[in-house]
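Letters A, B, C and D name the chains as they come in the text, with residue numbers starting at 1 for each one.
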Amino acid sequence: MDVELRGITKRFGSVVANDGVNLTIRGGEVLGLLGENGAGKSTMMNILSGLYSPDEGEILIDGKPVVFQGPGDGIEAGIGMVHQHFMLVPVFTVAENVVLGVEPTGRLGYLDLKRARAQVDEINQLYGLHVPADTLIEDLPVGIQQRVEILKVLFRQADVLILDEPTAVLTPQEVEEFFGIVRSLKEAGKAIVFITHKLHEILEVSDRVSVMRQGRIVGEGDPKTLTEADLAEMMVGRPVSFTVDKTVAEPGRPMLEVSDLVVLRDNDEIAVDHLNMVVKSGEVVGIAGVQGNGQSALVEAITGLARAASGKIVFDGKDITHFSVRQRHSEGMAHIPEDRHKSGMVSSFTIAENMVLNSYYEKPYSKGMAIDWPTVHKTAAKYCVDFDVRTPSVFLPAGNLSGGNQQKMVVARELERQTKLVIASQPTRGLDVGSIEYIHSRLIEARDEGDGVLIVSSELDEIMGLSDRILVMFDGRIVAEFDNTGGKADRNAIGLAMAGATEGAAA
Amino acid sequence: MTVLSKFATGTGLAAALLAGSVTAASAFTACQVTDTGGIDDAGFNQTAWKGVQDAIEAHGIEGRFLESQAESDYEANLNSLMGGGCDVIVTVGFLMGDATAAAAKANPDQKFSIVDFAYDPAIPNVIGQVFATEQAAFLAGYLAAGMTETGVLGTFGGINIPPVTVFMDGMVHGANYYNEKHGTDVTVLGWNPETKEGLFTGNFDSLDDGRAFAQNLYDEGADIVMPVAGPVGLGSAALADELGTDELKIIGVDADQALTDPEKAHVYLTSVLKRMDSTVQEVIEAAMNDTFEGGVIVGTLENDGVSLAPYHTFEGAVPAELQAELDEIKAGIIDGSIKIGM
Amino acid sequence: MSDLSSINEQMRSLLARTARGRSEFEDLVVVPVFAVVVALIFGMLVMLATGVDIATIGKSFVALAKGSLGSVNALSETLTAAIPLVLAGLGLGLGFRAGLFNIGAEGQVLLGGTAAVIFGFTFHSLPFAVLMPLSLLAGAIVGGLYAAIAGALKAATGAHEVITTIMLNLISFKLLDYLLRQPYIQKEGRADPISKSVPDAAQLPRLLDWLDPNLRLHAGLFVMLAAVVLVWWILFRSKIGFAFRASGENPHAARYAGMKSGLVIVAAMGTAGALAGLAGASQVLGVLGRASPGFSADIGFDAIAVALLGRSHPLGILFAGILFGGLEAGGRQMQVDAGVSIDLIAIIQALIIVFIAAPLLVRAIFPWGFARKSKGGSEV
Amino acid sequence: MSAVTTDTTSEKIATGKARQARIVGGVLIALALLVLFVLDVGAGQVATFKLSRPRDAIVLGDLVVPGQPFNLVAAALLAFLGVRQFLRGGVRWTSISLGVGLAILVMAFLVWATADKSFSLTGMLQATMVRAVPIALGGLAGVLCERVAVVNIAIEGMLLAGAFTGALIGSLLGGWGGLVAAVLVGGSFGLILAALVVTFRMDQIIAGVVINLFVLGLTSYVSSQVFAEVRSLNNAPVFRAWKIPLLGDIPVIGPMLFNQNLFVYGALILVAVATYYLFHTKGGLRARAVGEHPRAADTLGVDVYWTRYVHVTLGGMVAGFGGAWFTLGSVGRFDENMTGGRGFIGLAAMIFGRWHPVGALSAALIFGFADSLQQKLALLNTPIPSEFLAMAPYIATIIVVAGLIGKARAPAADGKPYVKE
């Protein structure tokens, strides 16, 4: 089945997400769709799957124009999408999730789960997915959840599969397995759109590549004849180097010492399991690992957001295990949270208010029980200038800023103070290359000023580029440590460790 | 006094609302403030309002009323009538006692009258209308004791205040007097005159409570129930209607409920009447004729201020001997030979 | 980095306040005015539908205006009704700002008022200058503590405050019934649930009784005005208010920023409850003089509407409270003069909030009222 | 590897569940002491529970319980359960033990209160059912709405609207006409709520509060403006009890379950149908998906807005039916604010019942029981103030909401508007 998009334009308010996009997808072929975050890839695919309707342009299937009123029509037409954020109901079983929307029914609308189970098992067999049909989604690991998503699409007999950033949550080894599934689907004659911003994956798996920037297709080609540098230049619009310029680290005294730390999740499960680690001043330590292996809980415990069930956290020689967030903050800990929208900022507050979000109670911003607003405003303006936050005024709501400027605002707030330790969780997720480069350089700057820097990221490239030392976290523990001076750590060994193999190095 | 049909009530109200345009000549205005039961409670608010309407009919005066939504409205409602050109303001209910006294003291030139309250010492510009309700309720209790088949009677009240419990007192004493005379063992559930405790809905407006409380008493064997809770009693009547009067009969209070609740007229054995309509009219007439003088009007069996309503559908069911005893007791109460609650 | 003067220039422009936009004006002025007008029109339609003739409808609107604004007495009644609404509304608005939907103002008003009464007659020998403020304070404290229960439950267990406050309301009604029967509290010689009277020294003095003894406006007016200023200061100038607002807008961010979410919830609920308790206290000390079942008369529920109408801004709540007070006073006059039931006012109030809380709806109904380039909203 | 480490840590770290088991154990022991010392029945006193009315088809003798021995046994049982919980920390048995313990407490309390007196147990159970009906239907309406993630605070208003319409249309067209109209009006308020929160994205709680205010205002207005004048508009027939042959004659249970009116049967049937629908049909699966993860449902072609509209409207219809109970199923006459907060209690029943129709019904029965028990206690002249008993269900609800006894989980998207883009 061939699908063609012609002149697709989609606007959200004043933002043009897609601007006259043309694209062809063919059966038995993997089309790589490359682009920075915010380039309009996901929007376009949501249009193709029927979730959004385009403002202009048309979709043709096998040469015939079609109009999708909703996602149901997309599914009907044989287009299936695996979303970047899984679209699974956690309290439903696999079978229930798979059949949702196309349920096998008996009389009186009776939901025939037995038949559903049988059908799920059939597809399981056919593509070798090995997904248990009766388990609740919330009890499955992320990798399996993704297979459920693929199962869902196959169950609906999709001929076109759209995979939106499918590898973000996988280890390098799982990625290989996943590519195997993709290839077998291709052999079965399915058309596959593979969306990513990772260049090497495109080169590895796709038959054809299209590059998007600022809502337009800016280049197409054959991956066999293209290099990473070519693609990167197309994607960003200028030559970029993906290595971070930095000198060799000069580690000093231990800034952060974590020993035997245990952190529990809300449901009493163990998230961090007797973990030990050290971050010294003047070095960048990166924590690699597949999402969901306890990184978030570890960061929360270090920054005081989560309680340590046992173990000890020492910050610059001081036991801070039972310190509050605020105490740790005033001791000189900076925290760039993993999700700025969720926890890094208050969208409806002004930029000025956000700039003092966690220091408003300190001198010089407070006087008595009140806040000294003129001082706050002046400081905020200075921060904006220093960190290149582009806004007409500090009195505008922070939600009005672009993603990159929001993150720069958060970074400015955290790094402008006198700090000793910077904890940055996914510091560049979802940003454009310009902002990424800028934030990376500020983090290295902090290191060079003698701070300890701890980076947690699911982007192995980011970890490899920034860190002087890499720790791999798996199942709540540090399972391997690598020296990354000069970026020399073994990517493959890190990947193995991320998957839980321990024969590499010991912690 | 004329009997009001349900439609007459409606037209009467409408006439009152439009009184200004209909009876152009009149200058006299009587105003009423109801308590939270509302003007159509089939009970004392409605009966008092009937008094105003009767005065309208008889003398062509104007009448207005104002409903209270909550207890805190009393004072505000009274206030909004000040300077509103009311020649006399009738407030209805014991609970308005404080508010009425305050308004009367603040406005010595305004004439007031209150149903179910007497001030001691009297306030010069207020006439209190109180009723020896226990006398009529005594008769009702005696009658019920004579009519019951299960030997169990029931009663419940709205809230535990004297104008309510006086009914319940009378009923219990009446039943006891019957036991005394006939050596029977009729019990009254729901009120204990000694401890002053019993069954109360806690409100004057939940009809559903009226049904549930009557059901409760019925379950415990009562076949005649007297609800003393304004419109709440209408819920009890609905239950009696459903169960059939062989199973459950109701004794109405305040007004003749066979007339004010005509749809369920057949369930009312009788009603304990408080003739607020006539006292209200009396007060209005006093105000019109400049004979208004602060003090108390007391309604008793003797002056027909309280009485037992006709039996209507049960006319033939009450044995002649029982009726004779009742007449005798009534005479005894009037001449003082029978003391209630002794 | 650019040179110093250009940095200064940049900073100056960053610090320039932006002018209030058209949409903000629409939000703050056009929508509320619209809501009130449309609700009044709808009220008229309801009257027509129930067979009220045109002349009476006209009469009732005249009465509404006369009863709320037409005389000194009307103004006094309007303000008297507004005092508890504004006080409780301020509490609710503060709660909304902190992300707490407190349905429990009614119960807090009840218990706060009761506490003020009990305190008043217990220490009846104290002089006015001490007793009156302390009685008010007692009301505020009890109201605050009662609300803090819901806050503490939310902070400790995540129990949703809407449900807990509804339950606390129901509990407070029963609790009041019980308390008012206790020999210590119950008025001597009465069997019904009614409290002893507030001694003169605990009463909020009436302000205009030298003009006419029926004018009920009392010193609670000043309490109300002071509360408006205080709440404004708390919300927009104080540190704790910053924490309230941050928690309300984004609790995750507040936690990340080191604000103790539990403490903020309890403090916000407590403050809100204290204001509601103050509303109850001012009602008993200024108007009623005693506590009886249901003396709150739905103040706590109407205050939700007031807070919504006032957009949770202290000044907005002041205006909204006065508007609702006016509707109440006018509604009474409407019943007296035109014989139209005061319940009509509740319908009008509900409709006002619908239009306030769903601006999308207003825009859908009246597309021509909005988003025009022209200035001002006078076309409404 | 991970399994081993998990075991070693769980020894050291007290989990919340074990803590909860110990709390429950402590509570049970406290209850045992309460029964032993406070609910202390004098020697030789008996409690008499009447099981039948004289005219019942099968007349059972009175149930006579010797007070002192009964309560001693009850205290012993409570103590046993409590100690067992406390020592063994049986996590799985926690809620069962507590449930059994509370049931024993209620029985002991009844025996204590009835010592040397008597009351009709059958009557109380029948009243329990009757009083539970509007609460159960309100709770069921809440379940239907919240399962698609719309919080419905407006149940109270919908009940009131149903009651009002039942009375008005019932007076004009008879009981069935009134019932249909009440259901339709309830449904239209559901539709309005859906429109406000789904299409106009109004805050769900505010929308609910507004509907409550509006309905209260409108019905009170019409009631005092029109009904007061034209009484014939407020005089609807009442659906009588229909005794199911044979079943209705079973002692105790018969009157409670099989000799009731349309509304009781209707409530039971609706609960059964709703349970089947929500958990065993295609529509139910989709509805729950919309409540848990609307975007996922949307991507699979389930129309989120439509689903919400339908279910909130259905919820409104159920509430309208429940509202009609007040007039057509009880007294035949509308009175201002006659629902008296029962909608809010229905909401509590829904949470108490953990968003499950059967749970909501069970919780409603508990509320109904407390309500009818209160009336009996007033007749029995117990020294416990009835106000406290009346509070008990509300306090219980708070305890449940606070998750002190097992955590109830609301649908994940509950209360959140869904913006499609």
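The definition used in the following text is that a residue touches a chain if its C-beta (ideal position, glycine included) is under 8 Å from a C-beta of that chain, and two chains touch if they have at least 3 such contacts.
Not measured: the values here are computed from a predicted model.
> Check every other chain and keep only those touching both subunit B and subunit D; list them.
Chains that touch both subunit B and subunit D, as defined above, are C.
> Centre-to-centre on C-alpha atoms, which chain is most distant from subunit B?
A
> So the centre of each chain is just the mean of its C-alpha atoms; given that, what is the distance between subunit A and subunit B in Å?
Averaging C-alpha atoms per chain gives centres 76 Å apart.
> Whole-Å distance, subunit A centre to subunit D centre, using C-alpha means?
The mean C-alpha positions of subunit A and subunit D differ by 45 Å.
> Report, in whole Å, the distance between the mean C-alpha point of subunit B and the mean C-alpha point of subunit C.
The separation of the two C-alpha centroids amounts to 39 Å.
> Can you list every residue of subunit D that touches 2 or more other chains, as numbers and ranges?
Residue numbers touching two or more other chains: 224, 336.
> Got the subunit A residues that touch at least 2 other chains?
Counting only residues that touch two or more other chains, subunit A contributes none.
> Please output the residue numbers of subunit C that touch at least 2 other chains, ranges allowed.
Where subunit C meets two or more other chains at a single residue, that happens at 177, 341, 343.
> Could you list, by residue number, the parts of subunit D that touch subunit A in their complex?
Touch residues, subunit D against subunit A: 1-2, 5-6, 9-10, 12-13, 15-17, 277, 280-286, 288-289, 292-293, 295-303, 412, 421.
> Can you tell me which positions in subunit C touch subunit B when the two form their complex?
That would be residues 56, 67, 73, 77, 81, 177, 190-193, 213-214, 216, 283, 287-290, 292-298, 329, 332-333, 335-337, 339, 341-343 of subunit C.
> Given the complex with subunit A, which residues does subunit C contribute to the contact?
Residue positions touching the partner: 7, 10-11, 13-18, 233, 237-240, 242, 245-246, 249-250, 252-258, 260.
> Which stretch or stretches of subunit B touch subunit D in the complex?
6-7, 9-10, 13-14, 38-40, 67, 189-190, 192, 195, 197-200, 203, 205-208, 210-213, 215-220, 231, 234-235, 238, 241-242, 263
> Along subunit D, where are the residues that touch subunit B in the complex?
53, 119-120, 122-124, 126-127, 130-131, 224, 227-232, 235, 238, 240-241, 326, 330-333, 335-338, 340, 371-372, 375-376, 378-379, 381
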